[in-house]
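The block underneath contains the structure these notes are about, expressed in structure tokens.
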Amino acid sequence: MNKDTKPNLITNIKNNFHKLSKGQRIIADYIINNYDKAAFMTAASLGEVLNISESTIVRFANSLGYSGYRELQKELQELIKHKLTTVQRLSLNDYSENGNALSKVMEKDIDNIKKTIQELDTENFNKAIDLILKSRRINIIGLRSSTFLSGYLSFYLNFIFDNVKLISEGANDVFEQLVMAGKGDVLIVITYPRYSKRTLEAIDYAKNKGCLIISITDSLLSPAAQKSDVPLIAKSDMISFVDSLVAPMSLINALIVALGSRKGESTASYFENLESIWKKHDVYDE
Amino acid sequence: MNKDTKPNLITNIKNNFHKLSKGQRIIADYIINNYDKAAFMTAASLGEVLNISESTIVRFANSLGYSGYRELQKELQELIKHKLTTVQRLSLNDYSENGNALSKVMEKDIDNIKKTIQELDTENFNKAIDLILKSRRINIIGLRSSTFLSGYLSFYLNFIFDNVKLISEGANDVFEQLVMAGKGDVLIVITYPRYSKRTLEAIDYAKNKGCLIISITDSLLSPAAQKSDVPLIAKSDMISFVDSLVAPMSLINALIVALGSRKGESTASYFENLESIWKKHDVYDE
Amino acid sequence: MNKDTKPNLITNIKNNFHKLSKGQRIIADYIINNYDKAAFMTAASLGEVLNISESTIVRFANSLGYSGYRELQKELQELIKHKLTTVQRLSLNDYSENGNALSKVMEKDIDNIKKTIQELDTENFNKAIDLILKSRRINIIGLRSSTFLSGYLSFYLNFIFDNVKLISEGANDVFEQLVMAGKGDVLIVITYPRYSKRTLEAIDYAKNKGCLIISITDSLLSPAAQKSDVPLIAKSDMISFVDSLVAPMSLINALIVALGSRKGESTASYFENLESIWKKHDVYDE
Amino acid sequence: MNKDTKPNLITNIKNNFHKLSKGQRIIADYIINNYDKAAFMTAASLGEVLNISESTIVRFANSLGYSGYRELQKELQELIKHKLTTVQRLSLNDYSENGNALSKVMEKDIDNIKKTIQELDTENFNKAIDLILKSRRINIIGLRSSTFLSGYLSFYLNFIFDNVKLISEGANDVFEQLVMAGKGDVLIVITYPRYSKRTLEAIDYAKNKGCLIISITDSLLSPAAQKSDVPLIAKSDMISFVDSLVAPMSLINALIVALGSRKGESTASYFENLESIWKKHDVYDE
């Protein structure tokens, strides 16, 4: 089943309702009205609650085009993803054996990057590069766990641009830091589920002042993507209570490298300048 | 040729010196004395400098056990990796076409995670978990670009531990922040080439006070790994002037998830507490 | 007229209402209903609005016990002080000549410290010292412009205590940073008009968890003082759009010095330790 | 004895050497060679060490133009001030009684502001204002305990200027943050004894790039004052191990207010903009 039909899972159930058997309709009803609970029930426990056989539940999934109940359940979990509380997330996976955590988590991250490569829109990537290169000021915002990605992006862009402004929570709030932003500016927004409300407010505020918005987020359906001029999608996947930001970091690396290449000579000359400082002040181990 | 023999490339040349032809000895000599230049020369340009045919150079590589000159050159680049200046790095790769950067960078990151999984020492991973769980205080340090990884690790550990201390550059310097550290404490160090000198000094300072050291770094040969009680290796690969920290971030995710699982109930109860705050103060978009 | 009667200015007018002449009652009415506007009107302009002679206005002030209209107006401005918007503040003073600003501002700061000395409650100061010395953890919070005072206090306390935790806006919000706080902890709060709402919420949150609260604020009437176990008062005075935090900084100096003295020997030994680090790492100019 | 002769105390002793009695010469010799110790000895203990009567020591002070030994000792302490280690400072004052600390510290701060007013050079203050108003970029640096003053200055200037850049210790070092600075820029430096070496290096680096330097420091003899185009002097006085930054904060208030006045209309309009944000996002307690 194609990823893009995901948001229509509930609709899909509704559309196929007339085809369903009586027992299947009971399941459909329950899922529509209790999708947040259903997302965490096995076929067995769902059957128990509804007093319906497990095989009926599997057939129900098949009728909707899924290979089995697990696939349907996965879609359901995807659907409610950014509405999950962290406590619900903790119950999603079992990582109680350490070794388990290790390989599971890292393999999921490989998948995230792979999906990101497959789905990435090169045209938008190039558009983002052009927009950044010609903007008056490059504002960057990422709050909560995305703070570290926005800091990382800003750390490197500071080496090649003179007009980078990192917006972060501090003594001055994020709006104060954007009060002078305006036409000709770009705001690069990094936001992942659960989306920080303050970040979304900052987008509205900056847009209203005339900034163009580039978003780095997890899906075209994310509220940040929908508010932005150029959305760049890199997959994240919650693992227990952590939002994996590995694929977005990889995308950010690509962005930095592409920008550095485009600035060409001046990048090299800044670094020559920096090398001599680093040497003089003994910054790196030799 | 096995990765672990890498540090002995120069030694390898020396050991095989008696077997080499006259022309090959000229190449060997040049490489030993100019390895930093040689690392960036093609077989053709090396041949031109030494007035030797390209095929002699290829045979030279074969004599030393490499499939060709490119493989030898790669080893050479690895060898000098953390001694490279950023200006030299810029010349290492060509990312001038944006799309190019995009897929090249992200595929390299997949490779980095794969290598990390293959080479990871599960025993050490488990040792690290145990050590963190029983330490009096969990000190975390990462400077320069690793600042964002140490901040990210600390961000999540703050949800499950009451004794996390993030050491960072600020008004108080890193030593002042460690002045009260001592026996029973752990220091988690994150450091990637080019290794920050201050980070290495902080390890020495903390060790001397009786802290145990867990390092997250790129190789067992890294100075931080050698100074540490429990080294955890996650590959990084420089891409142009950026050190990709994607694989280390993935390892850190695994560490956080494993620690959260081991704390079990108390993790869930902290999050229940936090959920109600987040709701009350409207932190996340609903 | 005593400062402490200040909050009763409106009440004072009401109580004396029966003694007032007809013309004076018109003034009284206007002030009660438009005190925020009246606070910024001269006797002349007030007279004009009300169609009443300036001398009636002066006599009105006298009837209420003020030496003149200017004194009454000052009280009025004090009264609404922390409800003033910054735009209103800008109109409060004229500092358009630079030299003017210079001496006016600095003399106001001397006054602030003098008043602070006169009104300081030594018993509370000593209570605060004792409480800090025996607390499990010393949490410190100051947001907005008070961020710099809380940072300054924490900078120095880090030299003499091992259990200082600075709470500030960042990737983790202030509540998350207090989630593990509890019985036996102290929270030192620094807040000045216009009081940050988040700071007041943090007090409630920490109190609820069992923390004792020491506040450093501008008046016993400040909401932070009223919520706290040990209020320490240091005067601030808005000068144009700036809240002068000079007197609070002076009080914080006294707090640090008194705490350092009480810790005695251990303070000296920490500094001996630090001196050798500073020397080794060349922190200070010799 | 005039403050400005302070640096010549040792010279003064040397110049008057021929006038001294035999016993006085022993004292003179000892002080010249052991001035760092002598600075902390009472007349009695000095007498004991040298086997000379206390009254001889007092007469020695008189011969050099001091009212007594205490005055000479004070000059001596001033002389070595910024070479004092923190451990020596701790022995300078006794604040073991809390109440004592409280009034002593605050009165010293009043003195510091008074001296600052007396000695302030209004012409330089005006020059600083003009320079800041017309600069391309306003860079601000203050490290160690001055971090909080530079943060405070930047907090307020962000409300009225669009070109403020706060330089601080962080992932990017201070030189990297200045790498794009140049002609037309100003660097405002805040530094107090013991002067941070990194701050002085930053001045040299920025000067070399063509920045003009405004320093806020404790004396015209401070290395920062000597390297700067416009020095602004505000007194600090060490109290125990704390450098009181109260007078500099007062000077910074004056600077902010004067700059806000000069920007006039635009300041008011920025604040109107901010007021509506603050209201919308409930920043301040009402």
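Going by the order they are written in, the chains are A, B, C and D; count residues from 1 in each one.
Here, a residue touches a chain if its C-beta (ideal position, glycine included) is under 8 Å from a C-beta of that chain, and two chains touch if they have at least 3 such contacts.
The UniProt protein names, listed by chain, are A, B, C, D = MurR/RpiR family transcriptional regulator.
This one's a predicted model, so the numbers in the text were calculated from it and none came from an experiment.
Of all residue numbers used where chain B meets chain C, over half belong to both copies. The two sides are thus made of the same residues.
Chain centres here are means of the Cα atoms, and by that rule the chain farthest away from chain A is D. The distance from the centre of chain A to the centre of chain C, each centre being the mean of the chain's C-alpha atoms, comes to 43 Å. Centre-to-centre spacing of chain B and chain C amounts to 49 Å, using the average Cα coordinate of each chain.
The geometric centre of chain A is 25 Å away from that of chain B, both derived from CA atoms. Multi-chain contact residues of chain C (touching two or more other chains) are listed as 144-145, 147-148, 151, 155, 159, 171, 173, 274, 283.
Within the complex, the chain B residues that touch chain D are 143-145, 147-148, 168-171, 173. Taken together, the chain B residues at the contact with chain C in this complex read 151, 155, 158-159, 162, 171-173, 175-177, 179-180, 201, 205, 270, 273-274, 277, 281, 283. Chain contact summary for the complex, chain B toward chain A: residues 82-83, 85-87, 90, 94-96, 98-99, 101-107, 109-110, 113-114, 116-117, 120, 122, 125-126, 129, 144-145, 147-149, 151-152, 155-156, 159, 194-198, 200, 223, 239-242, 244-246, 249-251, 253-254, 256-258, 260-262, 264, 267-268, 271-272, 274-275, 282-286.
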